[in-house]
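Should a chain be cited, it is by its letter among A, B and C, assigned in written order, with residues numbered from 1 in that chain.
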Amino acid sequence: MRLFRGLNSAMHAAKHAACAVAALGVSSAVHAEGTVEVLHWWTSGGEAKAVGTLKDAFEAQGGTWVDSPIAGGGGDAAMTALRARVVAGNPPTAVQLKGPGIQEWAQQGALNDVQEVATAEHWDSVLPPALATIMKYDGNYVAAPVNIHRVDWLWANPEALAKAGVEDMPTTWEEFNAAADKLQAAGITPLGHGGQAWQDATLFEDVVLGVGGPDFYRKALVELDPEALASPTMVASFDQLRKLRGYVDPNFPGRDWNLATAMVMRGEAAFQIMGDWAKGEFLAAGKVPGEDFLCAPTPGNGFVLNSDSFTFFKVSGEDKLKGQQVLASLIMSPEFQKTFNLAKGSIPARTDVSLDDFDMCAQKSHEDLLKAVESDALVPSMAHEMAIPRSVRGEILDLVTEFFNSDMSSEDATERLSAAIMRAM
Amino acid sequence: MRQRRTSGIVQPKGLRSVLMRMGLFAVLGLFCLYYLLPLVVMVSTSLKSLAEIREGTLLSLPQAITFDAWAKAWDSACVGVRCDGLKPFMWNSIAMAVPAVILSTTLGAINGYALTKWRFPGADWIFALILFGAFIPFQVVLLPMARTLGQLGLAGTVPGLILVHTVYGLAFTTLFFRNFFVSVSDGILQAAKVDGAGFFGIFFRIVLPMSIPAIVVTVIWQFTQIWNDFLFGVAFTIGDSNPVTVALNNVVNTSTGVKEYNVDMAAAIIAALPTMLVYVVAGAYFVRGLSAGAVKG
Amino acid sequence: MTEHPSPRLQAERWIERQLPRIVVLPLFALSLFFVYGFIAWTAYISMTPSGVMPVYDFQGLAQYERLWATPRWYVAILNLFVFSGLFIVIAMAIGILLAILLDQRVRAEGLIRTIYLYPMALSFIVTGTVWKWLLNPGLGLQRFMREVGFEDFTFDWLVNSDYAIYTLVLAAVWQSSGYAMALFLAGLRSVDDEILKAAAVDGASGWKTYTSIVLPILRPVFLSTVIILAHLAIKSFDLVIALTGGGPGYATDMPATFMYAFAFQRSELGVAAASATMMLMTITAIIVPYLYSELRRTNR
């Protein structure tokens, strides 16, 4: 801190002159229903519309919404700006933030809790426990989830499958491999895939779930248990990932996920393993679920959970605090959860919202979610920053993507996985 | 302004020179192709409908030309919850880039002039130290800078951003002018000094008018860097005061949404138009002889 | 004329004499604070356990050990050398070539010059996507060439871990060589006509005039160009993110992307600061001797 203190005194004189300039930009009007400045990375297309529904609902209650959209790198740019804002002593009121990222900021003492609202509205009884844990710090809610995305989806083009004589969606990796071999023989790329680290990691975690089951997944990718990480099951998972690598066309590196989805749409590729946002691409192209494309969970009888949420930063002033309470309550209201998720293509984070207006894939997702909660098979996604600290996740992603793009053996990969995780701990 | 165009260096000499000229144009043309190819793809994509992009190959020429994407990029694409396209953000960038370019260029010119034509002990050291600032990675100065701006009360404001760009532009502007002045001979300046002209007198009346080539390359550089900056823009402005690069990024980037490549391309070209305008205008001063006469001494 | 100037006049003269220093010093102070102050801050942070936010507990060199135990860092450093070397040399060569060619009284000079320069105006956020399409074997050049009949034409650098770094060079040269051209053109245009005429009278050929008379005069322009290109190379960030995303795998990772990833994606500020410090030390080791020799030369 010494250096900063030096800076501080040096700048003190200049500060007063500059204050006048800053004051111009700040609105001093106080609104009865609160003001929120929301930093988020849903900036374009359907995602922007989804946030728009939140803004509209907030303003309908008489509040003022200040929008701070920053897209890029799945939130990386927004996180950069967030740090600059917090360091400058000017944090946004609410920030789109997820998974252990919430805990990181809470540990810095940067968050306000909204436990009052949560208690009054019984959040504990309507959220899946695995998700509720992530939203809390020290037993208090510091974040409110807007949706649930399922990561372990298998998308398919039924025509392509028929052409190769594949009749059913595979339910085990053996069945998948058999189907893929048939497809390959028929000259169809079995798996449409984009070679970006997070996409490779998506395949990896879905494979781990399928090969090892939910308990193994949790041990290895959530608890980072050294034994599980070094186990033969992990080697077997890498073996299956290597298999998948063989089912991908040679031009996959760097491809965006939506272009892989387009390959499935056109029948160039038969399957894609991707979260349920891929559905948005199909729907936008006018495809009908169940007819033009199929959705089924990847093998493994689990549910890989990804959820977006808003976190409340430490701000002062009646107006802003009120805004946080109102926003928290609004996000968790059943009506909002429904409108938002219809626009976003995900399913409500609340388990008690009816899914009658949703498409069949979303309904399936909801059904499986309830089942998974029951049988304790709901696991947080490692690839999508729900499970482990970002530092550890980064190391795993580096290793998985290197494995996928080289001829590293499964044994080496398993060994290096443990080493990489040790480094980041 | 004098535009004394003296003859080129290769003197025409019959058939051989005709052949050389053809070769010259062939090389220039080939490079034009290299530079233009991506632009052709961008323009062609921007004129397609989204359905055509999804169905066809990405690089084919448009079958039915539509300007919808351009209209959308300009004033109806969503940038967060606000769907007014890039239009509102262009002004933010201009309000930031123009003062920052003028400030950093002027300061750089004075700096370069003082460091070469009024040399004092340690001038080279100072130059070298200022120059090294060109290499500081912006990713790491972000946080201390944010802290500084917060202390100054300039966090999240346009003046704050102008300060940042001026400070980190100084290394380059000083470099350009210093290296230009170094090759200008001291004769005229000595004469002016003898005549009693002072530091600023010589600067404004003699040095500035002959440094047009240096001003041109400096302005081109600074304008490009400042206009295209994303990192500082994203970290040091808030929402509605974002520069156009942040807005462009918001239009283009979607994590889990549908990608509209045609709008992306149109938006990128629109965001680049002011910079290209600077190139065209500034480029008009790339003329031989502007500084001739002044250089010798 | 008085023999002894009045004190006021003396004071004025003193100020006039000190004016260059008075002008330079505040700017120098700015640079000391915003560059060297922040470098010192970064160096200190690299010796702390800083994670999501800066903390100031000194812990020694642990972050450096962590950095040098990360395989990805070696890839990034090696790439920096390969990429910078190729990029600086190629962009500079093209810049000089085009500037000299454009200096031959070319008719459409304004248009051609703008064509060479425009790539710099475009944000790589989008042009990166275009290059990605052009260089992807299944979409771009390779497919095009095969469709027009060259069945064996192969150009798959983008998807090949060993060659992807060269596609970055290709796109970076595309973006920046035009500016190198502009720097040299501005330099050429400020060379005194008399020198050129004298060379012509002496019977020097066009080529010889350039290599032995003009280019040596442009020495300071070389310095500017090297600094500018080195700056672009070292800070290549948008380009890498947009074109390869650091892939395949992390084969095209660079220190700037590495640093960003650790500072802001992974909440490992300490490692990021350590990598920044290493990078600055490397740059110092390379640039300082060069600067030293250049400054000595121009002073004579």
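FYI, a contact is a pair of C-beta atoms (placed from the backbone, for glycine too) under 8 Å apart; a residue touches a chain by one contact, two chains touch by 3 or more.
Given the structure is predicted, the values throughout are model-derived calculations rather than measurements.
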- Query: Which one of the chains is farthest from chain B, going by Cα centres?
  - Reply: A
- Task: Count the C-beta pairs in contact for A-B and for B-C, then report the pair with the higher count.
- Result: B-C
- Message: I'd like to verify one number: the distance from the centre of chain A to the centre of chain B, where each centre is the average of its C-alpha atoms, in whole angstrom.
- Response: 38
- Message: Using Cα averages as centroids, what's the distance between chain B and chain C in whole Å?
- Response: 14
- Note on the structure: chain A residues touching 2+ other chains are 7, 72-73, 80, 83, 87
- Could you check chain C for residues that touch two or more other chains and list them? 37, 41, 54, 125, 139, 260, 263-264
- Note on the structure: The positions of chain B in contact with two or more other chains are 142-145, 148, 230-231, 249, 252-253
- Task: Could you please specify the touching residues of chain C with respect to chain A in the complex?
- Result: 33, 37, 40-41, 44, 51-54, 56, 66, 69-72, 125, 132, 136-139, 156, 158-159, 161, 164, 241, 243-251, 260-268
- Query: So in the complex, which bits of chain A are touching chain C?
  - Reply: 1-3, 7, 10, 72-73, 76, 79-80, 83, 86-87, 101, 104-105, 107-108, 110, 195-197, 249-255, 389-391, 393-394, 398, 401-402, 404-406, 423-424
- Query: Which positions of chain C touch chain B when the two form their complex?
  - Reply: 16, 19-21, 23-24, 27-28, 30-32, 34-39, 41-42, 54, 94, 97-98, 101-106, 109-110, 112-123, 125-127, 129-131, 133-134, 139-140, 143-144, 174, 178-179, 182-183, 185-194, 196-197, 200, 206, 209-210, 217, 219-221, 223-224, 227-228, 230-231, 234-235, 237-238, 255-256, 259-260, 263-264, 269, 272-273, 276, 279-280, 283-284, 287-288, 291-292, 295, 298-299
- Message: Please output the residues of chain A touching chain B within their complex, sorted ascending.
- Response: 4, 7-8, 11-12, 14-15, 18-19, 21-22, 25, 37, 40-49, 51-52, 55, 65-75, 77, 80-81, 83-85, 87-90, 149, 256, 258, 262, 265-266, 275, 277, 280-281, 284-285, 344-345
- Item | Residues of chain B defined as touching chain C within the complex | 4-11, 21, 24-25, 27-28, 31-32, 34-39, 41-42, 45, 57-59, 107, 110-111, 114-115, 118, 120, 123-124, 126-145, 148, 167-168, 170-172, 174-176, 179-180, 182-183, 198-200, 213-214, 216-217, 220-221, 224, 227-228, 230-231, 245, 248-249, 252-253, 261, 264-265, 267-269, 271-272, 275-276, 279-280, 283-284, 286-292, 295-296
